[in-house]
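Listed below are the structures to be examined.
In the two complexes below, chain A is the common chain; its partner is chain B in one and chain C in the other.
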Partner chain A sequence: MCLHFSTTMPLSTQSQAQDEQYVLVASLDNARNLSNILKAISFKDHAIFSATTNGLKVTVEDSKCLQANAFIQAEIFQEFTIREDLVGFQVTLTVLLDCLNIFGGSTAPGVSTALRMCYRGYGYPLTLFLEEGGVVTVCKIKTQEPEEPIDFEFCSSNVTNKVILQSESLKEAFSELDMTSEVLQITMSPSQPYFRLSTFGNSGNAHYDYPKDSDMMELFRCTKTQINRYKMSLLKPTTKALALSCKVSVRIDNRGILSLQYMVRNDDGQICFVEYYCCPDEETDDE
Partner chain B sequence: MKFRGKIVDIACLNHFSRVITTISKLTKTCILRLTPDNLFFVLCGKVANGGVSMWCELSQANFFDEYQMEGMNPEDNEICLEVAPENMSRALKTVQNAKVVKVKLTKKHCPCLTIVAELPTLSSVSRVVTHDIPVDVIPRRLWHEFKEPTVPDFDVSIYLPPLKTMKNVVDRMKNLSNFLQVIEANLNGEMNLKIETDLVSVTTHFKDLGNPPWGDGASQGSSSSQSRDPEAMAEARVDIRRLQQFLMGQQVNPSKAMCNIVHEKVVHLILLHDDMSLQYFIPAVV
Partner chain C sequence: MNCVLEGNCVKAFGRAIHALSRIGEELWLDPMVGGPAASLLVLQLALRSVNAAHSAYACFLFSQLFFQHYSLGSASEQGNETVKCKLVIKSLLPLFRCLTSIERNVERCQISISTPSDRVTIQFFCRHGITKTHSFRFQESEALQAVFASHSCPNVLQAPASRLLSDTVMHFPVSQEEITLSVTPLRLSLRNHYERGNVHMKIINTEISLPPDEFDAFQVGVDSDITFCLKELRGLLSFAESHCLPVSVHFGAAGKPVCFSVDNLVLKATVVLATLIDSESGGPSQSPETPAPTTPRCAGAAAPPVGSYDAGNSKPQDFPAVTELIASSQGSPIINPPALGQPCAAISASTMICSLLFRALSSEQEDAADDLPVLASRSDTEEEED
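For the complex of A and B:
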């Protein structure tokens, strides 16, 4: 499918000359390949967009302790043209999502919204051209100066424990989590209980154990016993990304910082990644 | 004053029920006018309902197997009632399986529209259900307020896009907007819906909609319609909630749907179904 905006656009904004004014142009035949993954990280109003020749990274942060990143590689897009090394801007994510779903976000087979996302640079709005069934909607979303995302300085060499699980197994646990517990405790160890999720709520303590030889465990690499607690309110949003994913990697580094990486398959079977970084809860001191 | 009607066909009952449900989604109360040939549901534009007005016309023969009405006197052979359509809708939903439904004007503790139906049960004895819907009788001297609206001197008349698409778009626009929506259209079959706030502007372009041929009889703007630039847009800025309300209420696709725009004054929506017609006027916000 090819978007012929140049002939159908009544605003005549899509001439070749105009195109050269954009520092970023990204097109998708199916806007859901962007909107679904953005929904998975939409726990805060603002999102920082960062584009390079590799593709698009969208970051959402909460109270300096939680950061979500969605990666959509350039190959996912039908067109991805960038005229600078790095293009960055910030938009209100809820507004962007409403625009991407302007035609109602129908999940009917064969019906999809085509998207062309254009950005002229600092001070300009983010322009979206959306088309479904011959009807075109143009959205201009005000952009802000992008905030600098936090660098958690998380690197593989400092990872103490790592597991990769099939999402199925975690989905059940996360849907049943005792929300009256202020924290989610994660235990990772080379010995029993190997990988354990614990809550301490009004109904008592609950533990979910995943043995290292379980079918669901695709990779088990734990070197040292670590027990860390994370605020439940911070981890709750990760459930959206978990729901979309087929696999998740859980890593904790030597400072107790948690990295969750979700492998997400889009409508066309292509792989995208969503990752979350979360700082451990410092308030409660384990004896 | 007398009114008795009987519906025996389940399809007619269904359609009647659907019409009333549509009306109930548009307004909490309205006027029901009964004449020998028709039923009209009327809402006249008042500040309280955001100035919108509505005119819904049904031909009684399309629904009723038996229909008898008698006004106050032969010269004023009409009955005018104020009713809450939601009450009628609920009552009709409970009798949707009935073989026969009777509607009549009665006087219980107050004037009522009474709906009586026999419902089938598992045993041989049927169950009779009666609903008394309180109504207010509108006196003759006020009838002039509820006359059929004239088609306004519009600048552009255009067929509406598929209502479902319009509804999807308007729903999202309402989330984004500060309640104001611009509707504009031209004689080239193009219609745009727009919202604009500090954060975002969204415009949806509908094309190839077609313009209804009203002919010389009806008004076509200040007699310059022949020379009106087909590209020129007539626009009106309206309260998006009114438009959303109108679209939410539509349960079935009409056979014809059109929109007349009087530039910066009013949006006049007309839906024609096989068995009823509905007109809805949304005033422009100054």
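For the complex of A and C:
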């Protein structure tokens, strides 16, 4: 990655001719609308970027058991131009986040970093033009061959149990989770305890119960009692996405694979989604 | 035992746990039957903690009135069958870590002890129908209770239900281990205490004096200087401040324990701290048989009561006033304090912390206690403090 500094060249004056060499150009008046959501999935170094006319999907995976996807629809961007059906590349996420926050990431009102993200195609770096207060920084980040993200084959028709909760009720539970427990057990059932998070730590057990008629429970659709355990180390990173979100949907399919979908409102009130897929811990059986 | 606390009381209970965590690593949850008259069965719940060196003890006693519901369950009301459980404070503290969140969210808390499964269950019933259930294994263990006869203390002070003591100790840095409290009938002063041998030049000395009229009660029978561990006291002072309770202080001469207590209609909290006998010459000597403790230094020298204190010599020792070892620019001679580090057997009690004498709550142990030298005695029918 290399940085060039220049002054007095706002991003909008770049010539049209330069744009034609890029297969992807995405612009945001406020880079935080991208950086905040990427921070929520930054539990690993590398991220796979996948762009279509619908927008941008960023994927981060861990040990073949956990996958996080952040979706930023094309409508969120002030400009989103794509010249191919699918544009994919992989970058070091931590470097990208450092660049997006290059002006210090201050949250002074009315001051934001503008971003123009450009990609020429396979073999080229990802170019970021960042501007704040008239100062422009150009960052070129090396890209890598994108790995194929895992397809968990999770589909709605196989979902056994689903709930949608207001994030507020889960935030406290997640911040209090006993980290000495190796697993987080999720119980979903049409009968008591309905929706339960359990930990089994060194000093004892804890259960967090959310009844189906709680006013925090926006949707409750459980057909069969399921108890599954997931490695705590895999689920703990989801706390970041939970913190940004206002609602979360929890779905478990007939194989015990967990899907968490977080509805995140960005600085401008627009909705983006972050989703996590997690495989159950192998030691247990699905009841 | 099964009890239910409502909203605000949960916060008070949490504060008690915070205060106890300043003392020791373990907590005894002790449902009991107690009261001044044997005929009046008053149910209480005691939370006790002791530090590793047995030089600090705290007890929070909640009466039945504190609870929305309190029962000893299927156990006999005589109390013989009640279980005494010992829990690790580190497991309990996270449940009560954020008191503001408890205030906002928790409507009710239920605590129950189950003997067959050796578990204590703490259940929080929160807003929006959410329930949090925590269960811990406990160890069945006789609780220790500090033996302290407050009625025989010559000095009794009561700080008003304001922030008097909290504001006073605020002037000492959080790292300050011990302070010395000196009283005469005319004034009370608090100053920091440092271990002899520390580089005096780099220490900021703080001394605060308070006149008797700052106190609701100021009875000084014996002029004394007592040095005790401040860190262990801070928990009780925060508790008193948050509940706007006056703090009573009972003590005697250096070497005898000091007792800080607060009470209102529904609860009584007590912290008993050992004091240095020689409060002026610096740190306590280390008993060679005692393993190096990990608790604060002020607890470091406590040796078992056996053989370390001559029961016949219950009067405070007189020591020459020892001046600080700072070479005077005037060339005055340096006075050397008495030597420290004497072996346990030959101890002259010159610079030793007297550990508090503990007696197990069950009366069967009294014969053992008779052979030990007693720091303070308790009569058969009274609780440890009146």
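In this section, the second predicted complex is superposed on the first by the 269 of 287 C-alpha atoms of A that agree within 3 Å, B and C clash if a C-alpha of one lies under 4 Å from a C-alpha of the other, contacts with A are read in each partner's own complex, and residues count from 1 in each chain.
Note that contacts are C-beta pairs under 8 Å (C-beta built on N, C-alpha and C of every residue); 3 or more make two chains touch, one makes a residue touch a chain.
What you see is a predicted model, and the numbers here were worked out from it, not measured in a lab.
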item	value
Combined model on chain A where chain B meets chain C, clash or fit	fit
Cα-centre angle that chain B and chain C span when viewed from chain A, reported as a multiple of 10 degrees	70
Touching partner for A:133 - first (chain B), second (chain C), both, neither	first
Partner chain in contact with A:176 - chain B first, chain C second, else both or neither	second
First, second, both or neither for A:255, with chain B first and chain C second	neither
Partner chain in contact with A:224 - chain B first, chain C second, else both or neither	neither
Chain B versus chain C as contact partner of A:99, first or second or both or neither	first
Touching partner for A:141 - first (chain B), second (chain C), both, neither	first
Which of chain B and chain C A:211 touches, first, second, both or neither	second
Gap in Å between nearest CA atoms once chain C and chain B share a frame through chain A	9
Shared chain A surface residues [contacts with chain B and with chain C]	none
Touch list for chain A against partner chain C, complex	169, 172-173, 176, 178, 202-211, 213-216
Residues of chain A touching chain B in the complex	8, 10, 92, 95, 98-99, 101-104, 106, 133-142
Residues of chain C that touch chain A when the two form their complex	88, 90-91, 94, 97, 101, 105, 119, 128-137
Residues on chain B engaged by chain A in the complex (per definition of touch)	161, 165, 168-169, 171-173, 175-176, 190, 198-208
